[in-house]
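Below, subunit A partners subunit B and then partners subunit C, in two separate complexes.
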Partner chain A sequence: MKNIIVIVIVLSLLSCKEEKKTLPIIGQVEIVDGDTIYHSIPDFKFVNQDSIYIDNASLSEYIYVSDFFFTSCPTICPKVKKQMLRIYDKFENEDKLKLVSHTIDPVRDNVETLKLYSSNLDVSSEKWFFLTGDKNKLLDMADDYFVVAYEDDEVAGGFDHSGKILLVDQNRHIRAFCEGTDPDDVTEFLKDIQHLLDEVKPVVN
Partner chain B sequence: MKYLLSIFSICFLFSCNNIEDPEIKQLNDKVMEIHDEVMPKMSMLHRLGKKIKKLSPEELSAKSEIGDAEVIKKQLEDASEGMMAWMAEYKIPEGSKEVQKSYLDVEMLKINKVKSDMLDAISNAENYLK
Partner chain C sequence: MQDGSGLAKLYPPLNNADFLDQHFQSLPSIIMYGLEDSIVVNGIQYNLPMDPHPYLSPVEVTNICNYVLNAWDNDLGNITINDVKSQLKEYRHINERN
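Here is the complex of A and B:
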């Protein structure tokens, strides 16, 4: 009888275990000379709240969660920032994950403003980068991200009214995104982050 | 961190609760309605500017009778900056209902100006690029 109970418990635990999932690579796919080319985050170089330049190379060893915002945003951004804080809280001690928030208003959001903003959120500047730089380059970057997220760049909204949060892997590919104003969608996104972390972290025997 | 998040949420709720008077809330909603109507067009301003920048000297020359590319680009940039500046400055002041009401009356005029500047800039750029 005891054996049967043990078997039932083991089977129950196994069925509860989160299924391993490989996230897709999101965005346009091109076939060039027989090779499949996936969309990837373009080259960039912006400065963070500690006046340190951040580019793709700075992030090459990490997966990262990315969004676009501006500190004076009256509507969507506070809601999205609250969800970004949820992500930060859950993965605060996860070395392989960074958070990257790009301002789309560099005229007002300079390094000093972003430093104050991140200090007010009480987050580590080693973990969560707030980036500013050339306005056109930031907007180009946002457009590139959200064309992927929306698939149709002409019809759907762009960076301006988007609360999208995206997940980027170590190869600069977008692997998942969610609606940052929707807590339920973010709950699912947290699982996607964990799936990608499981994918990139070496298996410990 | 969780404590801070709670503070953050409370502050956000508190800032919303500042608008207790139904008339002030209604006026604020109307101002934000105009903002929400045109904010989705911000990326269009950037994309149209990019399209104009990509025109070749021959194309610019062919369009010289329709308008000046530099003027149209500047109009797009100014319209975008107008919206960003308005959002940065928009904050209902503490004080009496009358003070808040007159502030919102002025803001309604300002956001309508932001809206018409954006729509004009988009229309001019689209005509230029036809």
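Here is the complex of A and C:
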């Protein structure tokens, strides 16, 4: 009897997989007074490569992919940026998606440097924001995206950080992530982005 | 990137790069001491400075050079550790400037 129950459960799980995929909300879940509180991106306000303030309200109608980097990074950033550019190219005409790259080295990466960087990458500053601001706030922000980022004179470039790329929905929840240094992982992530776009866009008949 | 293709106008290619062909002998000092000036590679100008890599040993620099010079489609010969050492010594002043 037990075996049959297990088989039934497995089959029902398999059939769920066939249906439209709903991405999970990533992060710690808290129950406060009976309400379920999911991890969300806190308030922020940084400046982009066009000297325009970008805050939560600027992104409230969009889903976005996010990463942390610095322009003089001699290690993984170029690889991650290549994958970010891949995401940009695939969804260039998708109005509901933005890309948000945060520098973790704002002393060197001022607005001017980020402008040069994004121009050389040949991307639209309306679609892909390169953000700079207060260093501690940027590093704290990385924590909220579960990205490791801290200053370390011992490592090449002066900052130790991971190369994760994250997908955030309109309610500030992280819904998917990938290793930006791994092209195969990013291929799967592209599908996650499409799933979330399908989820947030009303079906047109 | 792994395929030596570079990235847009940010990072120049290493594969089939005319700059590499022409500046073969400067490669060790570029790797070790970085580049401040803009360079033109295959007709495209690149402005992003390249940081120095002072933590590399001459052996490591030699290995990187010989990899780059012969990876992908490149067939630019080899460089010896003695060449690398004398080159790094000659251009040491660039390091002091940085």
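Worth a mention:
As a convention for this text, the second predicted complex is superposed on the first by the 173 of 205 C-alpha atoms of A that agree within 3 Å, B and C clash if a C-alpha of one lies under 4 Å from a C-alpha of the other, contacts with A are read in each partner's own complex, and residues count from 1 in each chain.
Heads up, the rule we're going with is that a residue touches a chain if its C-beta (ideal position, glycine included) is under 8 Å from a C-beta of that chain, and two chains touch if they have at least 3 such contacts.
What you are looking at is a predicted structure, and each value in this text was computed from that prediction instead of being measured.
Superimposing the complexes on subunit A yields a three-chain arrangement in which subunit B and subunit C clash. Contact with neither subunit B nor subunit C is seen for A:Asp35 once the two complexes are overlaid on the shared chain.
Taking subunit A as the reference chain, the count of touched residues is higher for B when subunit B and subunit C are set side by side.
By the touch criterion defined above, A:Asp184 reaches neither subunit B nor subunit C. When the two complexes are overlaid on their common chain A, residue A:Leu116 makes contact with subunit C while staying clear of subunit B. By the touch criterion defined above, A:Pro78 reaches both subunit B and subunit C.
Between subunit B and subunit C, the overlap after aligning on chain A sits in one stretch of 37-45, 73-81 or 91-99, namely 91-99. Common to the subunit B-facing and subunit C-facing surfaces of subunit A are residues 72, 74, 78, 81-82, 85, 121-122, 157.
Residue ranges of subunit A in contact with subunit B, taken from their complex: 70, 72-75, 78, 81-82, 85-86, 88-89, 92, 105, 107-108, 121-123, 136, 139-140, 142-143, 146, 153, 157-161.
Within the complex, the subunit B residues that touch subunit A are 1-2, 4-5, 8-9, 12, 32, 35-36, 39-44, 46-47, 50, 81, 84, 87-88, 90.
Subunit A makes touch with subunit C in their complex at residues 71-72, 74, 78-79, 81-82, 85, 116-117, 119-122, 156-157. Subunit C meets subunit A in the complex at residues 1, 7-11, 46-49, 51, 53, 55.
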